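Common to both upcoming complexes is chain A, partnered first by chain B, then by chain C.
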Partner chain A sequence: MKIRVERDGLADAVAWVARSLPARPPVPVLGGILLEADSEQDVLTVSGFDYETSATVNVPATLSASGRTLVSGRLLADITKALPNKPVELAVEGSRVEIVCGTAKFSLPTMPVEDYPQLPNMPDKVGELPGELLGTAVAQVAVAAGKDDTLPMLTGVRVEIAGDKLTLVATDRFRLAMREITWTPAQEAEDTAVLVPARTLAESAKTLGASGATAELALASGDGLVGLSGAGRRSTARLLDAEFPKYRQLLPDDQTTTAIIEVSKLVDAIKRVSLVAERGTQVRLEFSEDGLNLTAGGEEEGSAEEAIAVEFEGEPVTIAFNPTYLLDGLSAVRTDRAHMAFTTANRPALLKPVDEDGQVAGDYLYLLMPVRLPG
Partner chain B sequence: MPRGSSAYRATPDRPWPSDEGCPILHVDMDAFFASVSTRERPDLADKPVVVAGGGVRGVVSSANYIAREYGVRSAMPASRARTLCPHAVFLEPEFEQYAAVSRDVMALFREMTPLVEPVSLDEAFLDVSGALRRLRSTPAQLGERLRARVFAAHRVSCSVGVGPSKFIAKLSSGLAKPDGMVVVPRGEVLDFLHPLPVSALWGVGEVTERKLRSYGMETVGDIAEIPLARLRKLVGNAAAEHLHTLASGVDERRVTPHNEEKSLGAETTFEYDYEDPDVLRRELLRLSGRVAAGLRRKGLRARTISIKVRYSDFRTITRAYTMHAATDSSREVYRHAERLLSTAVAPGPIRLLGVRTEGLGETEHEPTQLEFAAETEDSWREAEVAADKANERFGGAMVRPASLLSGGARRGNNRHDS
Partner chain C sequence: MARVRLVIARCQVDYAGRVTAHLPMAMRLLLVKADGSVSVHSDDRAYKPLNWMSPPCWVTEEPGTWTVQNKTGEKLVIAIEEMLHDSEHEMGAEPGLVKDGVEAHLQELLAEHIGTLGTGYSLVRREYPTAIGPVDILARDEGGSTVAVEIKRRGEIDGVEQLTRYLELLNRDPLLAPVQGVFAAQQIKPQARTLAEDRGIRCLTLDYDALRGIEPDEFRLF
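So, the complex of A and B:
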């Protein structure tokens, strides 16, 4: 293999693929990045795979000789990031790969490419949507996904496909986030629901969102595989084989108190008062005709209090939340104002975006369980 | 002891040495488990007695002073104790009894001063400085009174060390044993401390001791004399500062009272070493259930779950996980304990397995992050609470997970005091 490639394209591709590699690969080859040069296409294909997720990017390249090789992903990422902005020449010489860029020259050992597993094929496309929309929607939902892998069903984002409606849901059993979007389903696509690992989905969707390209979703439910592609990048992940909780019944159908708040004002106030919240566990919100009174702390650790004006309606209520969970929800609505709805201090609170015309948006919700106060 | 402890004791013709400025008492029960277990058995008063859990793998929990003369010690395998002292009387431990006596003894201490810091079931530090005027007494008088009260109430003896600091008080109670008291006057701390071997210093284990000895430092006095800069080179900065401070008789740790428990745990020493993950998981499930039931009984919730593993070669490791929200659920405790065992513990033959919960707070007085009541989740806690009630009524483990109903590892019940 012998090729010439632009430094920026190479560095971006390698960095993106390296992010999906396992931190501690169970066998060394799975920590490698596969470089393939195909003379018919004049591209360099950069791939990584650890049996759970795969990532592949094509980079335009000038080829002198085709071939494939496997090198340490972390090392290659560190090197390409540090190279000067000049054309890069990659050449395999025996069991080593030579990298020359300007005055810099590296020689790396290669790994046995014949031991590398076969990358999964991209499954069939089930639909597409603007990458930016996907990026936003996934970020709004993945924030509520669990990180505790002893509860695998909570570490995923449930993706429901029903015609031109795509619903994303995640919960860690303390909060639940749901986003509905309209997309363009593929003609032969059937309605279905799958559970996609939240971390992988969030990474891929973020890249696609930044690229501005169209994102394509692909599924092979039978093989337990999901794929996401766009902007010359393809990634696949194994679906989670676990039952997502029956969440529809959690969505409250009544409310006795509602308030519309300025998101940035509440965010700033929460950050301030929670400085004295013991172990960061709770802030108390007291809604009444007089507005919202925010308190935290107590006699021992010191206390804080802040009053904010809100549009209030209904019964006064005092309710406490983990400040981190509440801040997550407030930053996920992505609007200047948010609508909050409550019933009692021990029932979940519902957070929704309010658009510029003052309408409560129906396509996103963040449901948060409160902290029960003693006594 | 180079100088002997007699100088710090009272005799019929000499009163206690000066206890002015010595408000710290260290109280240590004498052979606590053995004493409690034999207090109603006058026939055992002059016999060697060893308290050890049952089974081939039993471990000595406690031994009375007659048994100790034969070399029997706490935490020693019971089989070794039998070899050393074949005619000793071996008793099964009665943990409920020990805990009850301990609770009451600590309560007696608290009648004297609120500043009581229990170290274990059979050991506590007291700061009596505030109590002196109120009780019109001196620390030594209080120490004597306390020893008399404990014996009157429970017919078990304790030893008391009186000194200006925790460190000195603890060393003194060791010298006072059994059934005695030692007072180290503030002005004589260095005379008392310097002839002691380096191992007397808190923080000096076998390794440090060997190192210090290899540089010719045998006594605490040797450490006090060596320039700090040299000591730093030998044992590192932090240890050097610590040892130098202690050796100069300075110990500013305060007596910090705490009534609440810091942690709650249970452990099992297997009769045979096990490597089979199924057996280990089953034992973990049993231990998790016991610990969580303990939490619920006391109205506590834990934030941190830890497991302890001792391999057949006695290598011992602990692994811990801190959760977002506190729990008292058996299932939750097991879930994290199991994950720690399967991901953070290297395989190998295991002789001891333990589960511990830390970061405890009272359920009623702690704010609780609520969870969604998903249909599969909410019934569990209720089921566990119902099981607790059944177990309370019928004693023993009437209700437990199905996987514990058959088989299970044979085990001894080996906790020990020290």
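So, the complex of A and C:
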């Protein structure tokens, strides 16, 4: 293999693939990045696979000789990131790969490419949507996914496909986030629901969102594989084989108190008052005709209080939340104003975005369980 | 029967032996155990002594000075300025520390709720004997194949090695083979998880409170 490639394209591709490599590869080859130069197309294919997730990127390249080689992913990522902004020449010589860029020269040992597992084929496409929309929607939902692997079903994002409606849901038992979007389903796509590992999905969707390209979702439920592609990047992940909780019944259908708040003001106020709330404690919200009064802390650790104006309607209510979870929800609505709905201090609160015309948007919701009030 | 002696005194301690160490004059707790060992404690956490002499050793008491000496000639010299307390107590036989109470309880709970391993699992027995020690739990999966479970509080590399040894032995038994391994712990270290998965052993994180049926006090959506 002998190729010439632009430094930026190579560095981005390698960095993206390296991100999905395992931190502790049980077999050294799994910590490698596969470089393939195909003589038929002038591209360098950069891939990584650890049996769970795979990532592949094509980079335009000038080929002198085709071939494939496997090198340490971390090392290659560090090197390509540090290279000067000049064309990079990659050449395999015997069991080593030479990297020359400007005045910098590296020689890396390669790993046996025959030992590298076969990358999974991209499953069948089930639909597409703008990458930016996917990136936003996934970020809005994945924030509520659980991180504790005691309950694997909570570490995923449920993806429901029903015609041109795509629903994403995640919950960690304390909060639940749901986003509905309209997309373009593939002709022969069937309605289905799968559970995708939240972390992997969030990573892939974030990259696609930043690229501005169209994102394609692909599924092979039988093989338990999900694929996401766009902007020359393809990634696959193994689906979680677990039952997602029946969440629709959790969504409250009545409310006795509603308030429309300015997100940035409330976020700043929560951050301020929760300075006295030790880790894992609560911030209390008191809604009344006079507005919203925020309090945190107590006699021992110091206390804080702040009042903000809100558009309030209904019964006055005092309710307490974990400040981190509340902030997660407020930053996930992605609008200047948010609509909050409550019933009582021990029932979940519902947070929804409010668009510029003052309409409560129906396509996103963040359901948050309060914490017990003192006494 | 020998007794344990407790002394609280203002004292200064010098140790002369492989290393030399000095503790300036201060209030200390001196503990003389029935085996003759002497340890010097300060009022600082539940922690090991500041200095000590392990048995066999001998205490020579002179007014104002204790000298503790062992057979290699190392000496712990305690200069006592003021004695505030001196008592002796008979402690009786020590029933022994019940180690890893949680681990034993986890085993019991997991055996009771064998479905935690997966649907259709059935218990063969707890503490299934092998030539190198008992396997925590032996079970059968829904298809009837044997599953050996090793239970730990904290899942570390050692536990995976232990289970690997059991699996190797169990797999020699034609009536049991093939035996699948499950490494179950409240927390599993990333290294241990990697090793286990590489050896085809399934990792299972156990929620002790959930197994005990203790509902957390906090509000939850479900």
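One rule holds for everything that comes next: the second predicted complex is superposed on the first by the 373 of 375 C-alpha atoms of A that agree within 3 Å, B and C clash if a C-alpha of one lies under 4 Å from a C-alpha of the other, contacts with A are read in each partner's own complex, and residues count from 1 in each chain.
Going forward, contacts are C-beta pairs under 8 Å (C-beta built on N, C-alpha and C of every residue); 3 or more make two chains touch, one makes a residue touch a chain.
This one's a predicted model, so the numbers in the text were calculated from it and none came from an experiment.
Peer 1: Clash or fit: chain B and chain C on chain A?
Peer 2: Aligned on chain A, chain C clashes with chain B.
Peer 1: Look at A:250 in the shared chain and tell me whether it touches chain B only, chain C only, both, or neither; answer first, second, both or neither.
Peer 2: both
Peer 1: Under the stated touch criterion, which partner chain does A:234 make contact with: chain B (first), chain C (second), both, or neither?
Peer 2: After superposition on chain A, A:234 lies in contact with neither partner.
Peer 1: Regarding the shared-chain residue A:176, is it in contact with chain B (first), chain C (second), both, or neither?
Peer 2: A:176 sits against chain B and chain C alike.
Peer 1: Contact-wise, after the overlay, does A:373 reach chain B, chain C, both or neither (first, second, both, neither)?
Peer 2: first
Peer 1: Based on the superposed arrangement, let me know which partner A:26 touches: chain B (first), chain C (second), both, or neither?
Peer 2: Touch partner of A:26: chain C, not chain B.
Peer 1: With both complexes overlaid on chain A, does A:281 touch chain B (first), chain C (second), both or neither?
Peer 2: Only chain B; A:281 stays clear of chain C.
Peer 1: So which bits of chain A does chain B touch that chain C touches too?
Peer 2: Of chain A, residues 149-151, 171, 173-174, 176, 245, 250, 346, 348, 369-372 contact chain B in one complex and chain C in the other.
Peer 1: Mind pulling up the chain C residues that touch chain A in the complex?
Peer 2: It comes out as residues 190-191, 194-195, 197-198, 205-207, 210, 217-222.
Peer 1: Spell out the part of chain B that touches chain A in their complex, as residue ranges.
Peer 2: Result: residues 324-325, 335-336, 338-339, 364-372, 374-377 of chain B touch chain A.
Peer 1: Which residues of chain A touch chain B in the complex?
Peer 2: On the chain A side, the touching residues are 149-151, 171, 173-174, 176, 245-247, 249-250, 281-282, 320, 322, 346, 348, 369-375.
Peer 1: Inside the complex, what are the residues of chain A that reach chain C?
Peer 2: 22-24, 26-27, 148-151, 171, 173-176, 245, 250, 346, 348, 367, 369-372
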